[in-house]
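Supplied in structure tokens, the structure appears directly below.
The chains carry the letters A, B, C, D and E, assigned in the order they are written, with residues numbered from 1 in each.
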Amino acid sequence: MCAFGIINAAGIANIGRYVDVASAVITFGGSFFAVLASKSLSDYLAGLKSFLLVFKASSTDTKEMIQKIIDLSNIARKEGLLSLEEAASNLDDDFMKKGVLLIVDGTDPELVRGIMETELVSTEDRHKSKIAFWEDLGSMGPAWGMIGTLVGLVNMLYEMDNPSTIGPSMAVALITTLYGSLLANWICAPVAGKLKSNNASEIMLKEIMIEGLLSIQAGENPRVIEEKLKSFMAPGDRMLDDGGDENG
Amino acid sequence: MCAFGIINAAGIANIGRYVDVASAVITFGGSFFAVLASKSLSDYLAGLKSFLLVFKASSTDTKEMIQKIIDLSNIARKEGLLSLEEAASNLDDDFMKKGVLLIVDGTDPELVRGIMETELVSTEDRHKSKIAFWEDLGSMGPAWGMIGTLVGLVNMLYEMDNPSTIGPSMAVALITTLYGSLLANWICAPVAGKLKSNNASEIMLKEIMIEGLLSIQAGENPRVIEEKLKSFMAPGDRMLDDGGDENG
Amino acid sequence: MCAFGIINAAGIANIGRYVDVASAVITFGGSFFAVLASKSLSDYLAGLKSFLLVFKASSTDTKEMIQKIIDLSNIARKEGLLSLEEAASNLDDDFMKKGVLLIVDGTDPELVRGIMETELVSTEDRHKSKIAFWEDLGSMGPAWGMIGTLVGLVNMLYEMDNPSTIGPSMAVALITTLYGSLLANWICAPVAGKLKSNNASEIMLKEIMIEGLLSIQAGENPRVIEEKLKSFMAPGDRMLDDGGDENG
Amino acid sequence: MCAFGIINAAGIANIGRYVDVASAVITFGGSFFAVLASKSLSDYLAGLKSFLLVFKASSTDTKEMIQKIIDLSNIARKEGLLSLEEAASNLDDDFMKKGVLLIVDGTDPELVRGIMETELVSTEDRHKSKIAFWEDLGSMGPAWGMIGTLVGLVNMLYEMDNPSTIGPSMAVALITTLYGSLLANWICAPVAGKLKSNNASEIMLKEIMIEGLLSIQAGENPRVIEEKLKSFMAPGDRMLDDGGDENG
Amino acid sequence: MCAFGIINAAGIANIGRYVDVASAVITFGGSFFAVLASKSLSDYLAGLKSFLLVFKASSTDTKEMIQKIIDLSNIARKEGLLSLEEAASNLDDDFMKKGVLLIVDGTDPELVRGIMETELVSTEDRHKSKIAFWEDLGSMGPAWGMIGTLVGLVNMLYEMDNPSTIGPSMAVALITTLYGSLLANWICAPVAGKLKSNNASEIMLKEIMIEGLLSIQAGENPRVIEEKLKSFMAPGDRMLDDGGDENG
């Protein structure tokens, strides 16, 4: 949409005015190089690859997960904690499965919480390092754009004898700033934002799982567990859940 | 008021100078698109819809709520905790009602606090995600305004042969920066500010409710509860309350 | 002083060059309106009124307060906690008086601390909301100054036919930026700074009171209380205090 | 060095071009006035005076202090806690001396920690208020520099009839921005940085003292105390210490 | 790469246009001097020297360390805690070795944790002070670049009689801004980023060691320890580990 707006404003015939290889090399080269130099290679590649996560639909359905935990708590109540082993094999989520197996093994509740929370924290750390990649790249874009513009301006200022070239020279100098802004605001800000928002919902889901698993281990009443876990949800979503799923 | 000032400064006849469709497409299109790309669709729509909350008068009257809690504590003292069930049906606030019902059910105080605080925290998280929508949009506005201005400037710099068009071309280039600033400071900053201020008073009210309900459950003296809850209020407001409501 | 410098730099005869009604309407109107839209009316008015607090001399004398607490602890030691009721009537500070009365009533120490700290926190919240008013206004000033300048520049760029009017038109356009900077740095920054500094000393005084009252309630030795409370003060101030007041 | 660079770049003969009284009055007057208005007079004077602390060599030798604490712990082990009273009279550091006397008085360990930590926190608060003075001044410098430049520009724009005066007028307008940047980056940033760095090492030293004194009071083994306190130091420094001082 | 881009954009023949000794003296001299003035000499030198750490390959292999801890826990289980003394002599890592020796000495677990965490915190403090060196230098670069540009501009504005020198003079003035941006974005940002990333992985490794050592001391089951420590790793890395190392 905004690409259309830019083209519209510039005129389709003038699109070539916005393409300049040397400017792209300074701005993108400088930005990516500076971020590469500031990370270990594996973090850098993980950061780059996380771009694809933006297009992956987030599969976290809070309501469904709460329902699963309540089902598990009903099984545990009726048939004992050991019967969860079988139920665990039907779970898609590795984090949830690990927690259930720890419970089945009879691990101490404090230790279950410790292991699960360490995993949650280190998952969040890995997410944050990917978010930081895009934020760092986004702050490097305008910086290297300005460096390119300064390089172009200095050159232009030495060649002011021919007034007719001043305009185009300055235009070329400004293109790096434009590239830098686009890198920051068209690519990096949305990607970092999306990764942050995905992280937030994944972490909340994992917190619900930890809370639910520990309640199951403590042998709490399924109704109380439901009440507890629904506090994580918006009141509106909760209502719907009551209507459809509670008899499950 | 400021719209009047802007018009005044520009002259009513010149208002057309400030309208440019391509500029609007770049600035608003770019900003809204970048925010859309950085959120899940449901968060994006919730963020947009939260604009309307700005006009909703905040219904949170701290004094009234404290009075209600004291009334409830008197009922609980005289007729027992179970008698609160009837009183709960007269409560407008869902959060308060839920708390009272938990107490009536004889839920463990630690669990009551846990459930209520989880609900409070996730309410605040939802508010914060709406506030973040407007803050993100507010930071995108000037960024895309500058991108639009750079696009316009590059174009202008290639067409400097005719001096009489330089002025108007540059004016058009600057309009995106103006649009971006207005988006950030006329729309986003006030909306984000209002949502933050509404959030703060709602959270404080909910904290008062939690504190009050736990005191009722613990069977504390209504006078002590009043003293406790009034500490949340400004001394001036407290005085008025003493005069009018205390005999209630 | 700086007003003198500005006048000096501009020449007294040219003072009229810096006065422009439309510019003032955009900058001040826009800033105040944007802050008004982002607060509830009562917060807005409280924020505006807090301007007067800047001129109120801070009445908090830490040394005097510590002396009063030590006097109270001596009374409590010799004549019992109940005898503090009479002493409380001579106290100017409402916060201190409330604390003493809670102690006299035989309130549980944990509850005394809870009530006093809730009051301290909500006092600080109220102060912070006033500080935020001036900080928000201070960030709106330059933003609306720039909006005004953009409005003026766009207008000017359409009227570049007559070179002799370009200078004055641009001067007028720049005046909004000047107004915005003055609003932020001449008014808002000092007011917010002063409110912050007043808040810090009031909060420290209230913390000393809480610490002192709880020590009195616990029946601690007046010498130990003195030692404890003097830790809040700078070593230099402490010395003077030892010389003059300790025999009181 | 950089002064030399500036002079070099400008040419020694042109040094007068960078001196302008009205500019200095706006920039320095405005900055110091705005900071004065935002602080109490005593804080302001303490802030100004803290400039001299930059030249005071920091006397904090961590290694020496750890050695002293180990010596004290040996004395306490052999001759009892009361024998520390004599040793205390040889200590230069008031904070350390106060701690030793509290121990000799038989004060409760919790109370010793409370008093020492309150003192540590309020020392840090006083340091921070001085650091804030220079940071505030550093942010005011460029702000008032820009105000001065705007004042100069507006004036210049009204007097563009004579092209030969435009250059020098604009040069004078820019001087306030230069003054503001120099105030911020030549004076304020280094002073604030130095005060911060001094604060950090003083606070670490005081933390070592508190840890050490409480260990002495608890009658811990001098070897364990040494191990504990050396954890605060860099491994390299520790080694040297082991070689030379441990037999002391 | 970006150096190539800059050269490309400017033309190889014009490289001399970007070299100016006075500009370098102002920008680099001012920046390094300002940072020197804000640190103690030893911190300054340590900061400078930390530049070399960027090229040192980080030797922290999480998987290998977890394997070592599990090996140690097996030894401790079979042959008792005292047998770890011999194993400790084969450890490369001083932090790990120190921890093992503390355990062998029979130190109280609380004290082991205390000493190890103090060491971890002060290691992180030392790292942070080096990171702060490069961040401070990075913020000083653009500031002194702007000071240099202002100095050059003021000079140029007094010498506008000869239009042919305006361009080159302004070019020279802009070079300091270019130098400052390069210092910040080519040198300081990557170095600070790399030091931060090294710090994060070193601290995580040390946390794993502390957790592991305390589990060994508590005599926990090697399988549980493995489960615990693997929670620190990404699920993908964990799998590989299971395949290859677990039988070790």
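Here are a few things to note about the model shown:
The criterion applied here is as follows: contacts are C-beta pairs under 8 Å (C-beta built on N, C-alpha and C of every residue); 3 or more make two chains touch, one makes a residue touch a chain.
The model shown is predicted, which means the values in this text are computed figures rather than measured ones.
By the residue-number overlap criterion, the interface of chain C with chain D counts as different, with under half of its numbers used by both chains.
Chain centres here are Cα averages; for chain B and chain C they lie 25 Å apart.
Between chain B and chain D, the centres computed from C-alpha atoms are 40 Å apart. Residues of chain A in contact with at least two other chains: none. Chain-to-chain contact here is organised cyclically: the chains close a single ring, every chain touching exactly two others.
Beginning the circuit at chain A and passing next to chain E, one meets the chains as A, E, D, C, B, using touch as defined. Note for the complex: chain E touches chain A at residues 1-2, 4-6, 8-11, 14, 17-18, 54, 58, 164, 166-168, 170-171, 174-175, 177-178, 181-182, 184-186, 189-194, 196-197, 200-201, 204, 224, 227-228, 231-235. The touching residues of chain E, when paired with chain D in their complex, are 22-23, 25-26, 29-30, 33-35, 37-40, 43, 94, 102, 107, 111, 114-116, 118-119, 122, 125-126, 129, 136, 140, 143-144, 146-148, 150-161.
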